Amino acid sequence: MKSIGVFPGSFDPFTKGHEDIVRRFVPLFDEVIIAIGVNSKKQYMFTQDSRQNHIEELFKDESKVSVETFQGLTVDFCKQKKAQYLLRGIRNATDADYERSIAQMNQQLSGIETLFLMCDAALSPINSSIVREIKKNNGDISAFVTKDELLIIN
Amino acid sequence: MKSIGVFPGSFDPFTKGHEDIVRRFVPLFDEVIIAIGVNSKKQYMFTQDSRQNHIEELFKDESKVSVETFQGLTVDFCKQKKAQYLLRGIRNATDADYERSIAQMNQQLSGIETLFLMCDAALSPINSSIVREIKKNNGDISAFVTKDELLIIN
Amino acid sequence: MKSIGVFPGSFDPFTKGHEDIVRRFVPLFDEVIIAIGVNSKKQYMFTQDSRQNHIEELFKDESKVSVETFQGLTVDFCKQKKAQYLLRGIRNATDADYERSIAQMNQQLSGIETLFLMCDAALSPINSSIVREIKKNNGDISAFVTKDELLIIN
Amino acid sequence: MKSIGVFPGSFDPFTKGHEDIVRRFVPLFDEVIIAIGVNSKKQYMFTQDSRQNHIEELFKDESKVSVETFQGLTVDFCKQKKAQYLLRGIRNATDADYERSIAQMNQQLSGIETLFLMCDAALSPINSSIVREIKKNNGDISAFVTKDELLIIN
Amino acid sequence: MKSIGVFPGSFDPFTKGHEDIVRRFVPLFDEVIIAIGVNSKKQYMFTQDSRQNHIEELFKDESKVSVETFQGLTVDFCKQKKAQYLLRGIRNATDADYERSIAQMNQQLSGIETLFLMCDAALSPINSSIVREIKKNNGDISAFVTKDELLIIN
Amino acid sequence: MKSIGVFPGSFDPFTKGHEDIVRRFVPLFDEVIIAIGVNSKKQYMFTQDSRQNHIEELFKDESKVSVETFQGLTVDFCKQKKAQYLLRGIRNATDADYERSIAQMNQQLSGIETLFLMCDAALSPINSSIVREIKKNNGDISAFVTKDELLIIN
C-alpha cells in the first residue's frame, strides 16, 4: 500500500513556512498531496489558479508532490485519495491548542491521523494573514513567500 | 437564598462538552440556567427554537436545569435571575487566557463570579465551530452532539 | 449533606493570591478546609507551625474556614473529610495546563471534582517561589503576603 | 538623533490598559506617537474623530506624546516618522504568541524593533472587543476606559 | 533503507499515554525503538529492569517494536541505530513549547527530525510525575498504566 | 541622567540567544550591564570566571556593555547601579507567562520596569539547560554558543 500524506490549507498564500513543512515530510511518504481547500463563501486574496500554479511551480522537481483542490471535509478528501495521514506544522503554543482540537476530532470522525512537524524556527513567525496584510499595503512579501511574483490578486 | 448558576453560550450547537460541564455543575447548585445568548446581528447555523428544544430535551429529567434565551450582557441576565455564579468549562490554555479576561471583567463590572470546571479529557477537543464545519459538509456530528437529530439548520 | 471544599497546597507561604481565592470560595460552601500538604522529604522555607498559625490568623473571623495538615494523596484527604470538591485558582495559561492534568487525573482516580476561580487580576503575578526568593534575599514580602510577620523561617 | 516610539492600534476604544502602557514607555523616549490605524474596510464602533480626541485629551499634559492616524503598514508609518521602535503591551500567553509573530515579521521586513512591557496586572483583563460588547449593551465601561464620555458611537 | 523511529524517554513509568503514541506510530515505520534514557545521576522510582520488562511485555506481540536503553544524547543514539526520526506526543500547549525547543535544537545538531502525534484526548491528562506521586502514596495507578503490576519500586 | 539597563541571568552558558538580545538592546541605552547572578547554593556547569570571561570577550568591542556579578535580589542590584530597566527576551508563550509574573512582582517591589524583546526567531529554540545537556554528553554546542571554547567546566 502506498503511504500518502495530505497537507491541507487555503494557502492564501503558500508561504516559506508551508514549503518547508512539505519538503520535510516528503521523505516519509510515497506521495504527498498539497490540498487547496475551496470554500465558495470565502473571499481569498489571490486567485485559486495562481495559488495552485504557484505551489506546482515550487514543487515541479519533486515528483512525489502533487497539488489538488478540494471541497468539503478534509477527512473525506483523504479517504477519496486513500491517504492515511494529514500533515501539519506547529509554530507555537496557540497553534498547538488549535491543531490538537482539529486533529483529535478528525481522528474520531474518520480514523485518519494527523502528523506534525515543528516549523523551522526561522520561519515560525510567518503567518498567511499578516502576509496578506503586507501585500494589501504594497509591502514586499518576498522574504516570506518563494516566487511570490507568480501570485495574482483577485 | 437559592444558589443559582448560569451557563451562558450561543450553543450553535450544544455539544457533549457543554452537556458534561452542566451535568457536573448541577450538584453544586439549587438551580442551573442554560442561557442561550441571542444576538440579532449574528448568523447562527441552527434555528434558535431547535437549539432550545435540543437542550431542553437533553435535560428533561433534570429538574434543577432550565433553558432560557437572553439578549444583552450576560451579567445583566444573571442579576435579573438573581444568579450568583457564571459557569464555564476550560478545554486548554488558549481557552483559559480568553476566559480569564472575560471572568475578571465581569467580576469587576458586576461582582458576579465565574466558576470553572476542566472539561472531561475525552470531550476536550470538541469545538462548536468545527462541529458546524463538519455539519455544513454533511459529516456525521453524532460523536460530538447527543441527539443531534433534534437540530434544524437555519 | 454539608458541602465541603478543600483548598490544598504547601503554602510556603500562603500569599494574598491564595487568600483571595479562599475568601471568594467561602460563600459557595458550608465548610472550606485549607489543607497544608506535608511531605517529609521536602524542604520548606517556613516552619509548618508558623504556616498553619499564619493561615489560621488570617481566617480567625471566618467560621466556615479551618486549617489542617495532611500527608498522602489530596483525594484521600478529601474522602476522609467527606469533601466533594477540590478548590484551586488559575493565574495564567501555564497554570491552566498544569491544573487541568491534575484535576482530570484526580477526577478519574476518585470522582472528586476540582472547581476553579480565576485569580484576582491584580494578585495574579504572585508566586510562592518568587516570594521565597525575595525573602531569602531579605526583601520585603508584605506586598504579597498579609501579616507576613507571623511566618518563621525554618 | 531623537528616540521615537510608535504605539499602534485601532483603539476602538483606547483602554486603561493602553493608557498605562503608553505612560510607562514615555520616560524611555524623546517622543511617543500613538498611531491610530485607519482601515477604510473596517467598521469601528467609535468615530475616528472621537477616538483621536479621547486619546489627545488623556495625554494633553504629556508634551512628549502625540496622536496621529495612519493608513498602510505600521512599519512604513514608523519609517516616515523616523521612529526606531514599535511599542506594545503583553497581557497573557496568547497575546505573546500573536505579538511575537508580528514583531519578528516587522523586524525582518524593516529592521524596526518592537519593545514590550507587561501590562499592569490589574489592567491585564481589559480587552477592547469586550469593552465594545459591554458598551453595545449599554453597560458601564468607565472601569475600563478613562474619560469614556468623550467617545462617540458611529 | 528501513524507516526507523525512536521514541525516547525515562518512562518512570511508561503510561497509557506513551503506549497509545507508540501504537499509533507503528504503522508508519518498519521499526520503532522505545529508548529508555539512563542517567546515572538521576533517581528513578521504578527499577530500570522492571521498566524495560514492563514495556517489552506491553509490546511482545508487536514485532516491529523493540525496547533499548541508552546513555548520552538522544540524537547520538538515533545515529547509532540509523533511525531517521524521533517520535513524541503532545498533550497541551506547555508541552508544545517545550518539545518545540528540543526538536529544533536536535534538528540543528544532527539533522534528525522529530515527528509528533497529538495524544489521545482521554489520555492527555496522564503525567508520569503525577503517577509517581500517586504510587508513592499507595494510590492505584492502574487507570494510567497498563499492567502496572510489572513495575518494581527501587 | 544616564539610561542604564540590566540584563540578568545565570548564563550557564550565555547563548547566542542571550547575545542577540543584548546587542539589540544596546542602541536604546547609554549603558547595558550583563549581570551574572551568583547563588552559592546552586551548582553551575561552567566556572563563574569562565562565564564572565566568555561574555566579556563577546562584547569587548562594545563600549556600552559591561559584565558584573551580583548576589541577592536583581532589583537591589539595579538600584545600586542606578539602572532604570531590567532587560529580558521572550522565546515563547511559556516564557511569557513566567516572565510576566516576575516582571510584575519586581515592578511592585521596586518600581523598576522590565523591557522585553522577542528573541530572534532562528535563535528562539536555544535553551541553556538543553545546551548543558548536550555539553555533558560531549555534543558540539558551537551552533548555540559563540566562542564556546572559552567556557571551562566546573
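Order of writing sets the labels: A, B, C, D, E and F. Residues in every chain begin at 1.
The rule is short, and it goes like this: a contact is a pair of C-beta atoms (placed from the backbone, for glycine too) under 8 Å apart; a residue touches a chain by one contact, two chains touch by 3 or more.
Keep in mind the model is a prediction, meaning the values are calculated, not measured.
> Would you pick out the chains that touch chain E and also touch chain F?
The shared contacts of chain E and chain F, listed by label, come to A, C.
> Return the chain pair with more inter-chain C-beta contacts, choosing between C-F and B-C.
B-C
> Same or different: at the chain D/chain F interface, is the fraction of residue numbers used by both copies above or below half?
Both copies, chain D as well as chain F, present the same residues to each other, with over half of the numbers appearing on both sides.
> Equivalent interface to E-F, which of C-F, B-C or D-F, with over half of contact pairs matching by residue number?
Over half of the E-F contact pairs recur in C-F.
> With chain centres taken as the means of their Cα atoms, state the distance from chain B to chain D in Å.
Averaging C-alpha atoms per chain gives centres 33 Å apart.
> Could you give the separation in Å between the centres of chain A and chain F, each centre being the mean of its C-alpha atoms?
38
> I'd like the Å distance between the centres of chain A and chain E, where a centre is the mean of that chain's Cα atoms.
So the centroids are 30 Å from each other.
> Going through chain D residue by residue, note those that touch at least 2 other chains and give them in order.
92-95, 97, 100, 103-104, 121, 124-125
> All pairs of touching chains?
A-B, A-D, A-E, A-F, B-C, B-D, B-E, C-D, C-E, C-F, D-F, E-F
> Quick one: which bits of chain B touch chain E in the complex? Just the residue numbers, please.
92-94, 121-125
> Which stretch or stretches of chain C touch chain B in the complex?
Those residues of chain C that touch chain B are 3, 24, 27-28, 84-85, 90, 92-97, 99-100, 103-104, 113-118, 120-121.
> Which positions of chain F touch chain E when the two form their complex?
91-95, 124-127, 130, 133-134, 137-140, 143-144
> In the complex, go through chain B and note every residue touching chain D.
Residues 72-73, 75-76, 93-94, 97-98, 100-105, 108-109.
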